[in-house]
Amino acid sequence: MNLQAEIPLDYLVVLSTIVFFIGLMGVLIRRNLITMLMGIELMLNAVNINFVAFNHYLFPHRLEGHFFALIVMAIAAAEAAIAISLIINIYRQFATVSVDDVDELKH
Amino acid sequence: MTGPKIIFFVLATAIVVFSILSIASRKILRAAIHLLFVLVAMAGLYYMMNFQFLAAVQLILYAGGIVVLIIFSILLTSQINSKLDPPKKSHLLSGAVTAVGGIVLATITILQFAFKPSQEPAISTNMRTVGRQLLGTDVYGYALPFEVISILLLAALVGSIFIARKNKI
Amino acid sequence: MSWSTLSIMRLEVLLTVMILYQLIADLSVKENKLKVVQATLLFFGVITAVGFAPSPAASLFGNMYIHDELRTLLKNILNVSTLIILLQSTGWLNKEENRSKTGAFFLLLFSTLLGMYFMISAGDFLMLYLGLELATLPLTILAAFDKKLRRSAEAGIKLLMSSAVSSAVLLFGISLLYGIYGTLHFSEMALLTDSSTLSVFALIFFMAGLGFKLSLVPFHLWTADVYEGSPLQVTSYFSVVSKGAALFTLMLVLYLVFNHHHAVWSMTAYFLSITTMVVGNLFALRQKNLKRFMAFSSITQAGFMMLGFVNRDALGMNTVVYFMLIYSLSNLAVFGVLSIVVNATGKESMDDFNGFYSTNPRLSLIMLLALFSLAGIPPVAGFFGKFFLFTAVAAKSMYLLVFIAVVNATVSLYYYLLVVKAMFINKNETPIPALSSSWYEKVALTICFAGIVMIGFLSVVYN
Amino acid sequence: MDFSYTILILVLPFLIFLLIGSLGSRWRPHLSGLLGTSGLFIITVLAYVTAFNYFIHRTGEAYQAIEASQLTWLSFTDDLIIHLGILLDPLSVMMLVVITTVSLMVHIYSLGYMKGEAGFARYFAFLSFFTFSMLGLVVATNIFQMYIFWELVGLSSYLLIGFYYERPSAVAAAKKAFIVTRFADLGFLIGILILSFNTNTFDFARLTDQHGPVIAQPVTAMFMGLSVTTWAMLLIFMGGAGKSAMFPLHIWLPDAMEGPTPVSALIHAATMVVAGVYLVARLFPIYHFSSPGSLDVIAYVGSFTSLFAAVIACTQLDIKRVLAYSTLSQIGYMMVALGVSGYGNEAGLGYMASLFHLFTHAFFKALLFLGAGSVIHAVHNNLMTEMGGLRKYMPVTHITFLVACITIAGIPPFSGFFSKDEILVAAFEHNKIIFAVQWLVAGITAFYMFRLYFNIFWNSNPEYHHTPHESPSTMTIPLFILAVMSIFSGFVPFHELVTSDGRPLATEFHPMIAVPSVLIALAGIGLAAALYYRKNSRPETIAKSLKAFYTMAYRKFYVDEVYLFVTHKVVFQLISRPAAWFDRHIVDGTMNLIGNSTVSFSGAIKEMQSGEVQWYIWYFTSGVLLLALMILYLT
Amino acid sequence: MNLLLILLIIPLLTIVGIALVSDITKVRWVAAIGMSAQLIFSFILLYLFFRERNSGNTDAMLFVSAATWYESFNIQLKLGVDGISVSMILLTSIVTFAGVFASWQVEYLTKEFFISLIILAGGVFGFFISLDLFTMFLFYELAVIPMYLLIGIWGSGPKEYSAMKLTLMLMGGSAILLVGLLGLYFNSAPGGGRLTFDLTEIAKISIPLSTQLFFFPFIFIGFGVLGALFPLHTWSPDGHASAPTAVSMLHAGVLMKLGGYGCFRVALYLLPEAAHSLAWIFIILTTISVVYGAFGAVWQKDLKYINAYSSVSHCGLVLFALLMMNETATTGAILQMISHGLMTALFFALIGMIYSRTHSRMIHEMGGLMKVIPFLSVVYVIAGLASLGLPGLSGFVAEMTIFVGSFQHTDTFHRMATILACSSIVITAVYILRVVGILLLGPIKDNHFLELKDAQWFEKLSTVTLVASIAIIGITPFWLSNLIHGSLTQMIHAITN
């Protein structure tokens, strides 16, 4: 099955852009650390779409984008793991996961 | 309107809609589920682009791994059916401005640009090539990153354990 | 994997071994971690020494890993800084509550260092990104290393969240670059000269990602909080090693890969340096907590570093590296003194240092020199570093920028003098008691001291 | 004829000064006194020898100026060089004689007068220093050397006026004297600058050579309607006016009487105050040829001052002040004479007359002061109202004082008559108004001098705390010598020695002028006798009858008040204070403002570091976007 | 081995020596010996200089030696002196010598005090002997920075504030200066070839006028700040008022001279055309500071403030004369630097000594000191007379040279400015005599003064040295003026053409 013939590349890139900034939006507005984390995951995935799409559409003679996406996933996983452990740590210290309350260091 | 097109649009809309939902829904667990849907839809996209392996990894790693992690953490840290308080106005406003501005700016610049496909013949993306390249040490071999990832994961593992474990201070 | 490969990648390999050793040691050795610490120091000393051994330039793994003289030099700078930090952290590690943590501490620290190696000698964006993450993620843990402190936990999460976003932004940039150039390899990319708006756009995103680690304004806001929250050793690691790695990476990529875009990035550097210097200064003026103070001071210094990027010639590159070297030593000297004090008394506010000279003349003297070096006062090294940076800018006859820079240098002198004032001039009924520093710390401080004093006069260092 | 020994005339007093100044405090006091006096005696002898040698050797029919010695002190440019040297010409030699003589007298006198004073050694050190600088002034070979010693004279005057430095009034007077003269010297300096800029030389020889370039081709540049030379010469005269206490720069002189009386005799009567006259005389050719206009100014200033001072003198009660004002008026005479004089043989009568009067005046005025000093020494009081009938107690003083009074009144054959007569003649030939004024002043002079005389020595004697007695011989001998000189110095053939062009000039007796002047002098004496010979109420009635004028004159026409206003109100309150305020608050304030505003600004933006990580991320991302936007826009 | 290096080595050794010895008296003596050696060597240098000149060596700079330091920037360690620098060196060593003895009684952190003091002096020496703009700048800042500690630690009154203000303003000045220097550097090789920081090299080439006009203000103002150029002089009163005795001496006596020296050596000498076209602005400014400083001094009540303002006035005169750009005026400027250096140092020394006795610097709180401490009082009077330009003392020579020289200027504007500047001598007389009258003369204000002791030996040594120098210059000025004049001729020629 080949997508090139059917869908222009721009669709995909724009899609990823949209998702990327939706994710960013999530990071910016949600007041729960975990949901912020979700936003970050969205952003990473958006980037992945780019890599994969470029690889598939433009440079199919190599798998650079493909592997990059792979690496990103792995890192995302590690990131998520660490993030969650830190969140739990925060939860222990502050008894909340609301980001607004984590603002003791300032000015 | 061919099949693939339809499927693509379905997936694309799914991705956008669910990602919006996942950052908008005030039930945190639901947000997580929405995220799951997004990830799955993306796996579908990969599959459509003949990256079966990637799609598989996406499903396993994300859907199977990360989302589960997230849900665990949710369960650890907050009540499932308690509604999250809505975002502050200031955050909402500034965030929206930034996000929309970003989308506009990025889209414009991207659409201005004419991507130049390479003329070289495509190579098949079956498991064999993937595997070979993943462990290849010569040009376009990915052994080194693979190794480094392992160290990163190790560090992450140790770190997370160190932080998360309760007994010792 | 041949022997030559190993010899070329010797630093990475050795460091990997070290990491594994830490893992094993942490699991096996239960009591008297001191042995482990000493062994580690010794081992790392060896690594540092090995780094200076000459070796031919080469590129491995299909140009994913590049090895040459310059990169070795940069790694050596990082090594030395790290070594000094390790020496300084002994006191902290020997505290009762930290005994159990040493293993994790070293493991995480070295993995970040490994990541920085890969950032520096990355041959393509994949390795670069990988190294970056490897250098960042463990750091978030290290920031949160003081588990009993709220502020430490806060520092950790703040760092993680913002760095995750920043790396996402960086990734977005990289992905677009990939789409534009069709490759991720520096060697191939350098040949292509695409000056489309999209490439500029992507480049900015990429620079922002590194600018975040370099804590340039406006990507800097995490810095102060994280610096303040983290344990002191980690803070100094942030301010010196992590910053240095980011700087070097940025430098390499910009000079080697995006040379055809120099107009863009030098302009970006122009603006970023101004904003960074100004904002850093303005915030540093009011700080009382010395860790936070040093955070903003290091932001300002980063602004000065960016000056070098205005000049795309070799001159710019040299001055930047030279400045970074001096900056590292000076900063490490300050943090060395701070760590001695903090470990002994836990005091890190400027007012606590009132009358410091009366009790600890040597320490405060070193502090004085280090601060002067940061402020760029002769005859200590900082003066030369700054002077050459300004020269590099003036070489492009951007005298306005030079003017802004020198004015900022003067402002920075103000708050450095505040610390000096506290130590030498202000009186204090209960000054910090006379502190005895361990042998390790003495060595570390001596290295810094010698560096600060000598480097300026030994022109060979620059050449 | 070799005059190189004249250098000793300068060196000796300086050495004495150093010697006494550095060691004097260690010796027994009178030792310093003796050293100073004997040293000065040698100098006086030298001066007389010099004068003798100089005047008997007339080459040709004119005296030539001789540069006895010359050394380069400082060279500004190739032409503008300060030499330190000794210039001998009739003028300077005459001054040498006058200065050394009077100085010697004062030295001897002081031995008695200052006996037992705390700063005896210091006093003599200062005296020698003054003698040194005054001599240096008169023998100056160039105008800048003159300026140098001019300043030094000012300093020694300051030091001697403020000799009793614990007395605030003395300190104030000294300060006043120095600053007023300093102000005048500013004019002098600027004058020198302008002159040297135009003529490119300091040397008197070249400046006053009437065939030389300076006078032959004067600079024609104009500034504010006057030729630059006129400006220069007027400014230089300002300097002279300051030293010679011409109106309106005269105010320091009366206060200067705070100093010890011998000092007043030496500095503020005989020598220093005539430096202005000397200066004008020294530069006379330039005045005459290059800017005659300024000569008229000098004449009028001199004339006015003499009248003005004479009037005030009639009202003063402090005897030293009376003498001070009379000094002013006499110097006014000299200035008038210079102002009305022409150049060369007969025309130069005024010049000669002026210096002649300077010569005679030195002696009788010194005599007057020393006499007054002797009186004060006896009575311990300066006010003539506290005196009277002293003729019985101190005969020598009485006689000598009387001589002096007659001399100054201009009664023949005493010396004062001759010199004053010449002046009147010169004035008469040149300007009738001025002549009239001077004639009148002659009368007033006679009046107030004898007012003084009668009040001191006749009149009714008040009750003295302890009966006054004649002064010791150290004081009376100088009085005697000076009296002799005041009587006979009139017969010196002055017109053959000191003239404008060095040639002798013939003078004939003008009865038309001599007689009236003598008459009015006698009238003045008569009036004085009528009023003050015995104690009576006439003076009060007269004073009442022209009350307003009397009080004005008594208050010295309020010039001091004006000065007080200028200095305290204007200089201090209106300039210095605002300047200081401006500096603290405006200039410095701006600097501080810059600093403070920076700090406050940094306080204002601290909310950027809000501590909420989401805002950090927001700043980050929007920063990226903005940056991208900006760069894209710029490229 | 260049013998000028000795000027740097002696202070270095002295510092080391001080650092090694322990107790206070030893520290004092080491400092004293070191600075005496420096003084002696300066005189030897003077002698050698004269010998060299008399042996017919007419090079602009003598004892030149250059060692490449930073190859890539062509930075050299280039030393050399001409008459001007020699005389400045002489001044510096005299003042430092006097300063050491004037601070004989420093008890608190004596070691550190002398070390910083000598670092300061060393910086000044380095500045005067270096011919390379980079090293010049280095020594310049090196000389400025110890001021902060010296004032901050050993000062009095609002010392932190003053110290910070002084340091920041001077450093700001040097920052501005840096821009100018870099500008010079990058225009030092218009016809291609190597860029250079070398003064003498840059002097040879002709920089385009537009460039000169751009950089001249940076350099002149940069140095001018240290030369107390109106309106950037405000650090001076506070700084001097708060500084300890010896520091005020060195700072007013020597450090402020760096400003004038730099203005001449760098700004005027290297950028002559710009100097000619911009001079009028700065002449106005300097004339203001001459008169205004004097008037400011009239109103002050604190001895140190009075002296600080008079320094503003006198240093203004220096810059004023330099801007006239003719030989005589410039000679006068240099003379004025030296004379002012000596007498202001003397003033501050005396003020310090008086303060150490009466514990007051307010003139109205004192009076009649002449009776109780005659030696100091007499010296004070002498200093005052020197300051108001009395013949026979150095001030007169300097001021007269300046006035005559400036008045030689063919332009009426300059001559008018000169006349204005002249008027300062009267105002100077006013405030000097005011102080003398209130402080020293008159009745004794306070009976405590009766117990006051007169100067001790070290105070006498310190003051007598300065008085002697002032008098020697004042009585025999020709050798000094010839020394300076001889070296000026070429430079002025270069400037005017």
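When the chains are written out, they are named A, B, C, D and E in that same order, and each has its own residue count from 1.
Operating definition for what follows: contacts are C-beta pairs under 8 Å (C-beta built on N, C-alpha and C of every residue); 3 or more make two chains touch, one makes a residue touch a chain.
The structure presented is a predicted model; accordingly, all values stated were derived computationally and were not measured.
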Ask   = Which neighbours does chain A have in common with chain E?
value = C, D
Key: Partner chains that chain D and chain E have in common   = C
Inquiry  = Comparing chain centres built from Cα atoms against the global Cα centre, which chain wins on proximity?
reply    = E
Key: Furthest chain, CA centroid comparison against chain B   = D
Ask   = Of the other chains, whose C-alpha centre is the longest way from the centre of chain A?
value = D
Remark   = Greatest number of touching C-beta pairs links chains A-B
Task = Quick one: report the Å distance separating chain B from chain E, using the average Cα coordinate of each chain.
result = 71
Query = Roughly how far is chain B from chain C, going centre to centre by Cα mean, in whole Å?
reply = 31
Request  = Take the average of all CA coordinates in chain A, do the same for chain B, and state the distance between these two points in whole angstrom.
outcome  = 5
Inquiry  = Can you work out the whole-Å distance between the CA centroids of chain C and chain E?
reply    = 43
Message = Going by the contact rule already set, what residues in chain E reach two or more other chains?
response = 168
Remark   = chain D touches at least 2 other chains through residues 606, 609, 611, 613-614, 617-618, 621, 628, 632
Ask   = Where does chain B touch two or more other chains at once, residue-wise?
value = 91, 94-95, 98, 102, 105-106, 109-110, 115-116, 118, 140, 142, 145, 149, 152, 156, 159-160, 163
Ask   = When you check every pair of chains, which ones turn out to touch?
value = A-B, A-C, A-D, B-C, B-D, C-D, C-E, D-E
Remark   = Per the touch rule above, chain B residues touching chain C in the complex are 105-106, 109-110, 112-113, 115-116, 118, 136-145, 148-149, 151-152, 154-156, 158-160, 162-163, 168-169
Remark   = In the complex, the residues of chain D that touch chain C are 598-599, 601-603, 605-606, 608-609, 611, 613, 615-617, 619-621, 623-624, 627-628, 630-632, 634-635
Residues of chain C touching chain D in the complex = 157-158, 161-162, 165-166, 169, 197, 200-201, 204-205, 208, 212, 217-219, 221-222, 224-225, 263-264, 267-268, 271-272, 279, 281-283, 285-286, 411
Inquiry  = Can you tell me which positions in chain B touch chain A when the two form their complex?
reply    = 2, 4-5, 8, 12, 15-16, 19-20, 22-23, 28, 31-32, 35, 38-39, 42, 45-46, 48-51, 54, 57-58, 61-62, 65-66, 69-70, 72-74, 76-78, 84-85, 87-88, 91-92, 94-96, 98-100, 102-103, 106-107, 110-111, 115-118, 120-123, 125, 129-130, 133-134, 140, 142, 145, 149, 152-153, 156-157, 159-161, 163-164, 166
Remark   = The residues of chain C that touch chain A in their complex are 125-126, 129-130, 133, 137, 140-141, 144, 147, 150-151, 153-158, 160-161, 164-165, 168, 171-172, 174-176, 178-179, 182-184, 224-225, 228-229, 286
